[in-house]
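Labels A, B, C and D are assigned to the chains in the order they are written; within every chain, residues are numbered from 1.
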Amino acid sequence: MRLYEYEAKALFRENGINIPESLLIDKNVQWDILKTHITYPAVVKAQILTGKRGKRGLIKIVSSKEETAQAINTLMDTRIDGMIIEKVLIERKENITEEYYLSITIDRMRHKPVIIISHRGGMDIEEVNKTFPADIYKYYKDVGEKLQPYEARKIASIVNTKRKSLLNLANIILTLYNKLFLKFDAKLVEINPLGRIENHWIALDGKIDIDEDGFIRHPELKEQGIQLRHEVGELNEREKKAKASGIPYVELDGNIGVFPGGAGFGIASIDLIAHYGGKAANFMDSGGAPTQERLKTMLGLLMDNPNVKVIFGARFGGISRCDDWAKAVCEYVLTNHPKKPMIMRMTGNMEEEGRKIFDEAKKQHPEYFKHIAVYSADKPIEEVIKEAVNKAKEV
Amino acid sequence: MRLYEYEAKALFRENGINIPESLLIDKNVQWDILKTHITYPAVVKAQILTGKRGKRGLIKIVSSKEETAQAINTLMDTRIDGMIIEKVLIERKENITEEYYLSITIDRMRHKPVIIISHRGGMDIEEVNKTFPADIYKYYKDVGEKLQPYEARKIASIVNTKRKSLLNLANIILTLYNKLFLKFDAKLVEINPLGRIENHWIALDGKIDIDEDGFIRHPELKEQGIQLRHEVGELNEREKKAKASGIPYVELDGNIGVFPGGAGFGIASIDLIAHYGGKAANFMDSGGAPTQERLKTMLGLLMDNPNVKVIFGARFGGISRCDDWAKAVCEYVLTNHPKKPMIMRMTGNMEEEGRKIFDEAKKQHPEYFKHIAVYSADKPIEEVIKEAVNKAKEV
Amino acid sequence: MAILVDENTKLLIQGITGKNASFHAKLMKQYGTKILAGVTPGKRGETIEDIPVFDTVFDAKANYPEINTTSIWVPPLFAKDAILEAIDANIKNIIVITERIPIHDMLYARKKAIEKGINVVGGNTPGIISPEKALVGMLPRKTFRKGHIGTVARSGAITYYLANTLNLAGYGESTSVGIGGDPILGMTFGDILKLFDEDPDTHAVIMAGEIGGVYEEMAKETIKNMKKPVLAFISGRYAPKGKRMGHAGAIVEGNLGTAQSKIDALREAGATILETFSEIPLRLKELNILP
Amino acid sequence: MAILVDENTKLLIQGITGKNASFHAKLMKQYGTKILAGVTPGKRGETIEDIPVFDTVFDAKANYPEINTTSIWVPPLFAKDAILEAIDANIKNIIVITERIPIHDMLYARKKAIEKGINVVGGNTPGIISPEKALVGMLPRKTFRKGHIGTVARSGAITYYLANTLNLAGYGESTSVGIGGDPILGMTFGDILKLFDEDPDTHAVIMAGEIGGVYEEMAKETIKNMKKPVLAFISGRYAPKGKRMGHAGAIVEGNLGTAQSKIDALREAGATILETFSEIPLRLKELNILP
């Protein structure tokens, strides 16, 4: 989960890394504050979890109260990549001597943290990586050990030829590694640009990406108002509902609703539907051993989506049992009497028990099960998908 | 530096380890407080940095306000091993099911921390170590790594056959290791007895010994009112003066004042004086590269001690230079005109410069240097010591 | 023969008193897997499906020194500790069912395992089955049939569909391995492929990967050096686009992680790329691999 | 030959811009020790006694790859980091002048050194001298004379008195090593004794220990296996009694640490116990060790 720039910078400041003087503005801003608190020229920056804000006009340089107000008005409530700008950060414009790049992330091939540093910081670091690869220095660190001060000095001295700022830069590297990256289960900590003003360093931007699975053990983040978040763009009603229930759910532009087991097969089934000439309406993940409540919510999302013409469902019982799945589907059907055709397949752990549940429900209310097929292991999964694709063409 | 029981217990409580309800009493106690705040029976414990308090009558069980007041009166201001009891701790007497022993220290042979635990806790753990060595379990831990929870569970499960209290005991071990021993540069953390009351554990005593050389990096200890201290018994005026100047100085019962270089030769010279039939009046350590102020204070201590008849001095210049030493001695002599004979030897780094300083001072004021001999490398050190021993017999 | 689990597997279950673990303990036992003991701290003396429960892995091993494999079912924030405990007790195969283990935890646990030469599979694996020999995890036992195709997949359900597809065409599996769906895994595709290449009972291997991560691309060199044919199924060509790890990710990993990068790498290594499950029998026959 | 430092020593000085370090840099240089570089972070480009100063040990080593020995003069709370830096830069001999290094720091640094096979001497050592070859540290150079007696002591002054006594009797030193006065040391008596035993220029060894710690007792097994005679001087028989590390100390170390326990252990190992400095020439002659 990425943090907003202002959240990342608050963590920097708390740990002794300089950031520019700033003011965070939301919709309830008292305009008077702009007059009294800001040193001009200043920079108005949209707080939004997207990259390349500079190139996209989401960062504006202002030199008066009027320009500031105008910049805020232009940015606030704007939609970008499906997200809405709800806050802007106003910062004093710093007179930077040089811009550096500094980040820490995990190299998933070497399975090690890596500290990346370059004296060619600024907006186009990926470009630098292509054109001046020798100017990007990578320091790999063994897992499970704190960075030692001498390592930070070594890294700092390699890029930094201005000797008086060496120790300050080394301290920033040390802090970033030990007090942020290691301490907060971060996947990424990045300062770009890291500005140098004579012998001082200042973080002009900040990106922190926390491992969602480790977030819960950092109550200090929650105390700072940082909430567990999943990165998503603007959500429609169904996506919001899914998010509220903790269900990964993304709508696509097809008409076949996918009601899969886990995420892996969910992704594969979208490919297979395409392979056989159809188009999936969504990605969805039940998670391991979903509750019946969750399964019913998932089905409801597809039924509520007007683009969905046919539902393709599959349960291969592993940790998620067929009987639980059958129970949830039957209860949904018996309660909601859905009209959309459901082409499904169920096999795996507790399949017989699941089969019995379907047979029982169908016997009691055959009228509600007319459009519902539940195949077993003897019908290959791709035959089931083909049938769903063909059914979607008919409807 | 050892912490008082009440200081150790405050650290325990802060880190979630149970301690008995208690009240710390000093000389300014309002006696009323004894009536309202204490649950009887209670235990009154002298706060003093010495062992075997139980056997020495420094812990008293009381069951009324009167008994409590009497116990406090008996203990307070008492001198034990040269220390004065200035505080007592009154604790609720707990009904313990079992007493365990738990400690962490450093094995200086293996160069590793070791966790020691036994279900036979209480006063006589050293006795247990001799009679039931199999009941004392030692767990060696690699340097530089935190204790993992599974290790704490392993240690707990080995001594603890009452399964319901396993996780509580493991948590205490984990806390003691990671949050006290490692975090505070401790040389020793000890709970004896660690009481079990059904499924709960409670620290009935607490010993923490902090490495003096690491103390400075723990401002949180200082914030709790814990001061850097050197363990010493009751001090006489000169010892107090030495302590205030940070000079290790202990008086012995001889008459030869020892004004040595470092601690190592200081100890050796006491042996050598004894070997040649004399008796040293003190142990003293100049430390590496002492200031002239420090050297003059050291000399002053010996001059002020009426038992000292002769001063034996030695400077072998290494990091501590002969010229600095000579300057300090000459200034002291020229200012204070001491009467006690000084039999000394000076050689090593900057010896020639030192020799010149002596010659110069002696030329100016030969009258003050009549009783002072400063030999060089050509006179063996033991000849110098013999001369001092003989001189002491004359005086 | 088979890989990782077989008739000589002597299993421990860490977190055995949990709901899923105790349910699947029963199923594994019914399948014939030899489960010697379980561990849940504080529950010493209890039994689950007649399996004795101990406080620690050390206790369990002291009582059953022949334990050579463990499966881990504890909650995610306790998984690192459970893996370290199994490593310290020198259990050679550690199969981690737990999902969503924090990345930093798993990096540490896998490093310690590699230092001691211990196999860690997962986290978030559905398990491993060597049909008619042993099942560790929660794979649906009836889906798998004994045979000579090795399979290795990130997704549980895809492991099942691969077996299902093979079995409908008369093939069977030597071993089916779920390597797990978590972002950082113990053994990766390359590690498992090497084991299959050395297993005389395995005639060909099917690997199933998906977008995200770099483990498919990392298998490239292994596949190049393999004696046995590899078929590869990569899903995610039509998936919604994932996010990247900022500039740092691009600097470290370049353009890896897309379905196309994986397909390109595997094809270049000599693997047969699969688009559907149903073509598997055809491709196997083209490679002269018969049931 | 000699041990640890000799004519091939190429020295680095960490913390060279400090008062003591720069003063003794001059003395060492005058003695003939080859000092190639110094390190003080943030002082790159300066020189001390014509010795170039670098920001990091890596810089120094990149410019002078022949550096094989370093001496550490930084403040105590920075000593661990300085030692780790030298270990990481693979400098084979690290001589730690700094005193009062926190115990936990030194335990960590010595562990890392041992893992990489690097010699750490100190902390709180006055240094090492191989007369007429090299001096590292702050020992008084004129006190030492070339010869065939190896000495190793905890205290600086005692190192000097040993040499002074030997020289007055016509003997000289192959190498004199101060192992340091801090409670936790890098190399201990046993480590140094082994080096002396293998050094053809050393004919006998004098070790000087004192009350406290266990390093004298730990040398017992080494002395038993040595080809060369060992003379041992233990001070502290009349010293004020020290404190113990609580019950835990007694459980771990028993009765070790007293002058008597040290003398007993060394005598049992076959060492000649010395009571005074002046008897050294007599004892050496009894052992047929001539100047």
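As a convention for this text, a residue touches a chain if its C-beta (ideal position, glycine included) is under 8 Å from a C-beta of that chain, and two chains touch if they have at least 3 such contacts.
Everything numeric in this text was worked out from a predicted model, so none of it was measured.
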For this session: Starting at subunit C, find the fewest moves between touching chains needed to arrive at subunit D.
Result: 2
Problem set entry | Contact-richer chain pair [B-C vs A-C] | A-C
Problem set entry | Chain whose average C-alpha position is farthest from subunit D's own | A
For this session: Starting from the mean Cα coordinates of subunit A and subunit B, work out the distance between those two points in Å.
Result: 56
For this session: Round to the nearest whole Å and give the separation of the Cα centres of subunit A and subunit C.
Result: 26
Problem set entry | Multi-chain contact sites of subunit C, meaning residues that touch two or more partners | none
Exercise. What kind of graph do the touching chains make: line, ring, star, complete, other?
Worked result: ring
Exercise. Which pairs of chains touch one another in this structure?
Worked result: A-C, A-D, B-C, B-D
Exercise. Across the complex, what residues on subunit D touch subunit B?
Worked result: 20, 24, 27, 76-77, 97, 99-105, 107-108, 110-111, 124, 126-127, 137-143, 153-158, 160-161, 164-165, 168, 181, 183-184, 208, 210-211, 213-215, 218, 233, 235-240, 243, 245-253, 275-278
Problem set entry | Residues on subunit B engaged by subunit D in the complex (per definition of touch) | 51, 101, 103-109, 111-114, 116, 125-126, 129, 136, 138, 142-144, 182, 185, 187-188, 190, 192, 207, 209, 211, 213-214, 216-217, 231, 250, 252, 260-265, 267-268, 270-275, 280, 283, 288-289, 314, 316-319, 347-349, 351, 377-378, 380-382
Exercise. What part of subunit D is in contact with subunit A in the complex they form?
Worked result: 41-45, 55-59, 78, 81-82, 84-85, 88
For this session: Can you check the complex and tell me which residues of subunit B touch subunit C?
Result: 148-151, 153-154, 157, 163-164, 166-167, 170
